[in-house]
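Two complexes follow with chain A in common, the first pairing it with chain B and the second with chain C.
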Partner chain A sequence: MASEPTTAPMGHDAALLQKQMQHSTFKRPGELAVVALLWLCGTISLITTVLIVTTLFGETIDFFREVSPAEFFLETRWQALIPGTESFGIWELVAGTANVVLWSMVFALPLGLAAAIYLSEYAHPRTRSILKPILEVLAGVPTVVYAFFALTVVTEYVLRPIFGADRVPIFNSLSASLMMAVMILPTIASVSEDAMANVPRELREGAYGLGATRLEVAIKVVLPAALSGVIAAVLLAIARVIGETMIVALAAGSTPTLTLMPLEGIQTMTGYMLQVGLGDAARGTINYTSLFAVASTLFVFTFALNVIATWIVNRFREAYE
Partner chain B sequence: MALAPPQSDQISLRAQGRVARRQAFSRLSRYILLLATLAGIGVLAVLAVDTMVRGLPVLDWQFITSYPSRNAVDAGLRSSLLGTVWVMGTTIILAIPVAIGTAVFLEEFAPKGRFTSVVRLNIANLAGVPSIIYGILGLTVFVRGVELQGVTLFPALGTTILAGSLTLALMILPMTVIASVEAIRQVPPSIRDGSLALGATRLQTVRHHTLPGALPGIMTGTILAISRAAGETAALIMIGAFAFIAFDNKSVNEDFTTVAIQIYNWTTRPQEAFRANASAGIIVLMVMVIGLNLVAVLIRERFRRK
Partner chain C sequence: MTNSIDLRPADTRQVPAETTLRATLASERPANVIAEPTGDIALSVEDLNLWYGSKQALTNVSMKIPVKQVTALIGPSGCGKSTLLRSINRMNDLIPNVTTKGRIRYHGVDLYGPGIDPVEVRRRIGMVFQKPNPFPKSIYDNVVFGAKVNGYKGNFQQLAEESLKRAALWDEVKDNLKKSGLALSGGQQQRLCIARAIANQPDVILMDEPCSALDPIATLKIEDLMRELVKDYTIVIVTHNMQQAARVSDYTAFMLTDEKTTGQLIEYGPTQELFTTPRDKRTEDYISGRFG
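After this line comes the complex of A and B, so read on.
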């Protein structure tokens, strides 16, 4: 093997080395097969993406053979499951999703940012190491559990006593949005906190040196410096809200409505998809293909949000050195 | 303020006026921000108490060992617990080797180039795809099968444990790969270089040095992904898994239900008694999920010290 630096002719040495290298790349039988398997693993994710795109867009094309794109994109009424009076205007479902995004953000954004600022700028390291994992448990709670609480606790014991039973229908967007806000709180807090923790000490100390208080340092120095990370966190959270199904399906209702008001029954894109899934629509019917048209719309929305979030993080990352 | 003559020997260092207001505001902000941080945790606590109060009276051995039923009092979790164990086990068997293989491929074997960066970007994007989309994928590919011009590309499995597990395996794959890649990156390059320098092949290096070093990180990420799959409902409902199951699963080719689906089912019933069942189901599901999370955290903490 390792011969001492020798006086042997160069040609001989090089040939030996080459032979050894060939030998050592796949020394044992079967190694080539294992490496081939690893390549296969690497391509499975690509196959998954191809499958998602082809199944979604394949059936969506079938949908547009029966429903004109003009109706889908320009009409505002979505009435799919009642034969004879079908109308496929996507905007009522998009409005339902936007409704939940709006109201969940109204609660999650201030609370999430406050938590991030507290954990990053105020909390003792030991306090943070206790609080942060507990907060992250919120993200691990199965969403069907949140759905149960939205329906049974939030609507009945929070919203109805506050707004009056006659003004709060059983299924309303606010109960779903509130639970959704709890669900995404850790996403916003944790990702923002990571961004804030990466802001260099010198910036903070400079501000303290000029007489700023802790709050002023947090809001006027750290938050702007970490803004790209905070925005990315919010976009990721919005993508999760858009894609979340169980909470809205159980608590927000199943009546597509073109409204952003919080105390109304609505239906989101995911809510409609689950409704069709439960109804076992036969293959080839308009209800079945409409499922894929809505799914494609949802996919485009979440995909765009994820791409923009990644882009913002890479493009606007403040490099301090 | 500053014009006031100094009171002989009492020079106060306390801020006054505007500065004092700013400082008071900053001191106050600590408690407001702490309150906001605790708000989410407070909600969690309230929900936990509510679940206990409603669910614990129902939760007994009879509840665990009974099949679902039309009568809330007789209904139980037997088939859904067994279904959850079957689905989790099959998902682990399907997803973990592929996830570790993908991570090892990306970190150790993939050529640096366009193909590899496309795979990386693709995995990051797949991690953001909503679970219900994976459900639709499972429905069209695994449950109903893929046929192209008379040639079966993928056999129709029906709404079976295998179809559900394949769906969930694809769903958790991106998270597991990302966690495994991170763990492999934490292994110091010196260990890898040392092994290679002593004449080990790249595969031997991976097997004897990189993977053992990365194992705690891989396990932590995997367990968290599994706990997400355990609570997944939308993707499984999408593939049609909401049948009434009153038998014990014996193979992966049978219909199934899971605890999460059973909770959904009970929540949709109007009767109050079923709500109590749902709460009891939530206790069981949360014990599983929090248990898995705790194990993950323990593994992480234990190996961080070393």
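After this line comes the complex of A and C, so read on.
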């Protein structure tokens, strides 16, 4: 650095310039600290994930020492808690999860997309600025509230009057699915709306300029252009349904059943895990390790969904622009 | 092609009302008009005022746009030329809080009259935008989009071919119509957008600075295309480029925003006369490059 203060431009002495412009790690210590801090934050979450997965698969291996993989994957009966008659066929629990995913999506998908289209294409900006935050508040309701509502209100005052009290058991997958549809509706609507709002205005104008109506613009231009975002929203919602525990544990029952019918008591993978986790399964017992086997299965499903979501988003990213 | 599709607009749409004919008489000529267009009038803008919220963007604009001619709107940024263009097919309706006063008559029908459906307006008055904006669909799907939403009953393949031919793009894309419209170059994309507009069988085509995102060679192609298309269509073009206005247009309108008035029409007349013998000092300053 020049020793005397001067307003004149610096000289062009090559050796001096070389020294001044030399990169040095200790030149800006603040930057180094920030980089270290950020690295630490990233690493902590990475290490946690690795530890979780290691534990999960470690205990799962213990489980498969006692129960053959053939039984786990080929049997269709899950009976873990009655001593003497244990049977560990995962498919009843998988079916339970698939059941609630199916029925919650049947309700949430059309409603969520319709809400997104309304918000993005029809609503006046002022209406949207009021409605969207309200919608997002729905996402903040604790799921145990939904669960209780499903059990006490939906089954009793909605499903039974419609289908008949004798046909609707107190624990049934439909009440849980309906409440989960309400739970994920804001996710689907809000994330899809974000994706649709990001579609360039020029595309909309192009379609309007050709004499397309608002609905045609929304369905034929905006929705396809925002497809990757919409699919990501739906997969995110499915991942939440798969992982949701309170609602299914309280409202859907605890009887593993190999069915996709909505008016039956079922048990999902998460529901089983909660049941065992709350009980007093001693460490090392088959019940205890079965928890991890189910958790691993769940992990594989959600992981696959995330991979698919990432792939789809990348695959369709260049849909416009 | 034996039974090719006639893409020219149906003459039945052109029903000149008596009022329009009377209005073309020289005695009613406004002061800023060098000479009224002769022949049929496609669009007659009458005392048009437009506000975005409380901000005025157009002030008392009146002009007559002739059938099957190129009319250019020129002027510096913010002079309201794009706003005027977008008023013609009611694209401004899509922006919240726009207020429009005055009339635009299309063959005698007031486009802002009660009960007029903007969707029907846009089917007859097509538009090509500043930035090429093909849909993220195949070239074929892009061209037939308008026809599909408008319930066209004819042969879509033929329509696509004819439209692409008219837009001088057919030879470049005929072997891969299934390719995405976005895979084309900028100039090709803009010609695709023109093909898309033509396939809708419009009567008027509005072009909002259609060449501003293109290189000089692509620009020339579009300009040639305009001269070709004007044999069948009424074209209104907004351009920043005065040479372009001079090259392609038959009539030119010069617009300006000054301290007192936003979006006013300063001078309007045959392009040749406006560029060689402007009557208004401000027009002369602008076309000689003294500002803007």
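Everything below uses one rule, namely that the second predicted complex is superposed on the first by the 276 of 321 C-alpha atoms of A that agree within 3 Å, B and C clash if a C-alpha of one lies under 4 Å from a C-alpha of the other, contacts with A are read in each partner's own complex, and residues count from 1 in each chain.
Here is the rule we use: contacts are C-beta pairs under 8 Å (C-beta built on N, C-alpha and C of every residue); 3 or more make two chains touch, one makes a residue touch a chain.
These numbers come from a predicted model, not from an experiment.
Touched residues of chain A were counted for both chain B and chain C, and B has more of them. In the overlay built on the shared chain, the residue A:Pro125 is in contact with chain C alone; chain B does not reach it.
Of the two partner chains placed by superposition, only chain B is touched by A:Leu274; chain C is not. In the superposition on chain A, no contact is made by A:Gly164 with either chain B or chain C. By the document's definition of touching, of the two partners only chain C reaches A:Ala225; chain B does not.
Applying the stated contact rule after C-alpha superposition, one finds that A:Leu37 touches chain B and leaves chain C untouched.
Once the two complexes are laid over each other on the shared chain, residue contacts for A:Gly209 go to chain C alone; chain B is not touched. Once the two complexes are overlaid on the shared chain, A:Pro69 sits clear of chain B and of chain C alike.
By the touch criterion defined above, A:Thr310 reaches chain B but does not reach chain C.
Counting contacts as defined above, chain A residues 211, 213, 216 meet chain B in one complex and chain C in the other.
Within the complex formed with chain A, the residues of chain B that make contact are 19, 22-23, 25-26, 29-30, 32-34, 36-37, 39-41, 43-44, 46-47, 50, 97-98, 101-102, 104-106, 109-110, 116, 118-119, 122-126, 128-133, 135-137, 139-141, 144, 170, 173-174, 177, 199, 201-204, 224, 227-228, 230-234, 237-238, 240, 242, 260, 263-264, 267-268, 275, 278-279, 282, 285-286, 289-290, 293, 297. Residues of chain A touching chain B in their complex: 1, 24-28, 31, 34-35, 37-46, 48-49, 51-52, 55-56, 59, 110-111, 114-115, 117-119, 122, 131, 133-135, 137-138, 140-145, 147-149, 151-153, 182, 185-186, 189, 211, 213-216, 218, 236, 239, 242-246, 249-250, 270, 273-274, 277-278, 280, 283, 291-292, 295, 298-299, 302-303, 305-307, 310.
Interface residues of chain C facing chain A in the complex, by the touch rule stated above, are 89, 91, 94, 96, 119-120, 122-123, 126-127, 129, 131, 133-137, 145-146, 149-150, 182, 193, 196-197, 200.
In the complex of the two chains, the chain A residues touching chain C come out as 124-125, 200, 202-213, 216, 220-221, 224-225, 318-320.
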